[in-house]
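Order as written gives the chain letters A, B, C and D; numbering starts at 1 within each chain.
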Amino acid sequence: MKISDALRQKADYIWQRILNHPFVIELYQGTLPIEKFKFYVLQDYNYLVGLTRTLTIIASKSNFDLMRKVLKLAQEEANTELANYERLLEELGLTIEDAIKEEPSPTNYAYMNFMNLTAFLGTPYEGLATIMPCFWSYMEIARHHEKLLKSNENSLYVNWAEVYLSKEYIELVEDLKELLNKASEAEFHRLESVFKRASKYEYMFWDMTYRMERWPI
Amino acid sequence: MKISDALRQKADYIWQRILNHPFVIELYQGTLPIEKFKFYVLQDYNYLVGLTRTLTIIASKSNFDLMRKVLKLAQEEANTELANYERLLEELGLTIEDAIKEEPSPTNYAYMNFMNLTAFLGTPYEGLATIMPCFWSYMEIARHHEKLLKSNENSLYVNWAEVYLSKEYIELVEDLKELLNKASEAEFHRLESVFKRASKYEYMFWDMTYRMERWPI
Amino acid sequence: MKISDALRQKADYIWQRILNHPFVIELYQGTLPIEKFKFYVLQDYNYLVGLTRTLTIIASKSNFDLMRKVLKLAQEEANTELANYERLLEELGLTIEDAIKEEPSPTNYAYMNFMNLTAFLGTPYEGLATIMPCFWSYMEIARHHEKLLKSNENSLYVNWAEVYLSKEYIELVEDLKELLNKASEAEFHRLESVFKRASKYEYMFWDMTYRMERWPI
Amino acid sequence: MKISDALRQKADYIWQRILNHPFVIELYQGTLPIEKFKFYVLQDYNYLVGLTRTLTIIASKSNFDLMRKVLKLAQEEANTELANYERLLEELGLTIEDAIKEEPSPTNYAYMNFMNLTAFLGTPYEGLATIMPCFWSYMEIARHHEKLLKSNENSLYVNWAEVYLSKEYIELVEDLKELLNKASEAEFHRLESVFKRASKYEYMFWDMTYRMERWPI
């Protein structure tokens, strides 16, 4: 079995919880309160900045071939992806300044620090394993709930979700899997630990955004 | 005003919450349920391992004079301090293996990752500012609640607390302040942000241990 | 005075030696033996890979605004610039595989390790100061020796040199200076030390390639 | 075969050159000009500072068990070993300030930057492989040339050399080997590359000190 598939299998019990989280279901049904979606978008903008940092750390420790590929991804995140966010923010009556001013919630901050520290301390593959669950689970969520979109009357949510069903997005996820599959089998135990931790944070991210989590102090 | 005093002042609203947290008060009164204290000790052991890592990262980025001082601290943490923990664990009917097996709670893990990542990304002084609130607030807590110890009938808690009133511990905190006070004034804004974040985590640590926090998945 | 200009001034005695190194003069005159140029191109390819790594390390420690700009540069280096090298290698009867197989000489390896380690240990601005002398001095060399190109009968050398007189290249250098000029004045002493060290390595790079330096063992 | 022995074997052609370098032979014979020895001691002091930094970087990336052992080594280097140097400097009519002021030569600086960068980019075992050749070859040199010491009339050199024949030093080297031997076999190819590079730098260090190398600019 490919490393990526084996990791996905080990984390399945977590991914089932992700697929069925109320935030996800209400978003695909179109019933999610807009305030929760706004909160999500502001938090996720900050998460993408953190994820771009993770990519630069991974690149800095990679051989030139991997560095080039990861740099391309980082460049896309820092430009295309975040530019999409600027459009989405506008549609929500928000600005990029609102997103920059938004303080990452405790769970969001913990997730980003975990990704970045793991990338600093470990191999490039451990770094890649921290960012995989986010990219990959978005695709799987979209496929799993695709039918719900047909009766979803909130065009904002539908437009948002359809990105993750696009050919481009699927290719991106497949490219990432391919990079990760070049890891050595000797690393598997460590990659599993990292991939599961990131999957748990992915679940906790949906949950904190549903609760609109703030710092207790 | 010295940098350390200015930082302490900026974070005072957080420190007041720390001094008055029920875990702290019940511990100094002797009324804290032993299960909560056991949970605290197991979590704190893991925190000290994380803090020792922070010290090694700070050392790795310091000039030789500062490196030597930070190394001495790290060596003390990794040996003396953690040896004390082994004794304490034994008195609680726990072993070092229990402590190693204990999974750091979400808040504990987030706190450690914040410290280590900040130390990697920033200057040695930013690293020192992440570890100061822990060392320093333990001394301040002990002074603030010293009187409570007189009527505290739990000798385990009293012995634990008296360490933080000892001459050696006070010297350690003063040494750390002195190191931090050598930072450049130009860094103050950044140090304030780090010191406050670490103070918030210190508050959240007491709170998570009072709640005996576990991973939601 | 702007930080970049002040740094340039402090390093002037080194830059005079760069401008007048026989490798540089013979290259602009067209009299440089082709074997030395081939050696240079193979070594420089490896240097550019190392410099791209430096950019990723700088990006990983920068705020998002600087990260984005540095990522754009890194992406350009990893693609456009190195693609130019592939064309140049072909014109010299060499392949990209030859370049990858070429072992960086001791001076080249020392220069790259200095850049990358400085970027890891210091601020993003210290990182930028390690890469500035290379970019900037190539522009200054081209301007200083522009007249020599008129009587240079080696079209390969002329084509190579004219890149550094192009509007695009000048803009790139000006952009880099602007990034560096946002450093805090409090950092100047440290930036000076780094900028001079990088300038010395720049001089030593021309000298090692003129000598076609190899490992003594 | 143990990893350390396999690495030693792969680097044997380099170690033969180390054992027979004129600096080493003249030192053990007692005929080395004192000026060269003074130069060596000043450079080596700076090297040990760099090596202590390498140990802190290795520690920062290790699990707690390895971190503790590496920290102990770093602490010994930063204190005992460098204290020995202070005594030696005094006997040579030099001070610790002379050593601190001494600029590391190009080869020394390149060696240290290689060690520190490798430790940042790679696994803890790659870090350990950068420092092994120094510790280990000093022991092997001492054993190989032990007989020469009997007719060596320079007591300063004899005292210096006898440290590397002591029980404590041999234990230190054996401890280091044991740490390295815990690396995974999957890492061997990478460790070999690092160990050979460090061995080459070890040879080049003796050679640069024999030439009393200075920066060309």
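Simple rule for what comes next: a contact is a pair of C-beta atoms (placed from the backbone, for glycine too) under 8 Å apart; a residue touches a chain by one contact, two chains touch by 3 or more.
Predicted model only: the values in this text are computed from it and were never measured.
S.K.: Give me the rotation angle that lays the C-alpha atoms of chain A onto its copy chain D, rounded to the nearest 5 degrees.
M.R.: Here the rotation carrying chain A onto chain D measures out at 180 degrees.
S.K.: Between B-C and B-D, which chain pair shares more contacting C-beta pairs?
M.R.: Of the two interfaces, B-C and B-D, more C-beta pairs touch across B-D.
S.K.: So, what's the distance in Å between the C-alpha centres of chain C and chain B?
M.R.: 46
S.K.: Any idea how many Å lie between the Cα centroids of chain A and chain B?
M.R.: 32
S.K.: Roughly how far is chain B from chain D, centre to centre by C-alpha average, rounded to an integer in Å?
M.R.: Measuring from centre to centre gives 37 Å for this pair.
S.K.: For chain C, give me the residues that contact two or more of the other chains.
M.R.: Chain C, residues with two or more chain partners: 60, 121.
S.K.: Please classify the inter-chain touch graph. Allowed labels: line, ring, star, complete, other.
M.R.: complete
S.K.: Considering only the defined contacts, which chain C positions touch chain D in the complex?
M.R.: 14, 17, 106-107, 109-110, 113-114, 116-117, 120-121, 200, 203-204, 207, 215-217
S.K.: Quick check: in the complex, which residue numbers of chain B touch chain D?
M.R.: Residues in contact with chain D: 49, 52-53, 56-57, 59-60, 64, 67-68, 71-72, 74-75, 78-79, 100.
S.K.: Which residues of chain B touch chain C in their complex?
M.R.: 60-61, 121, 123, 184, 186
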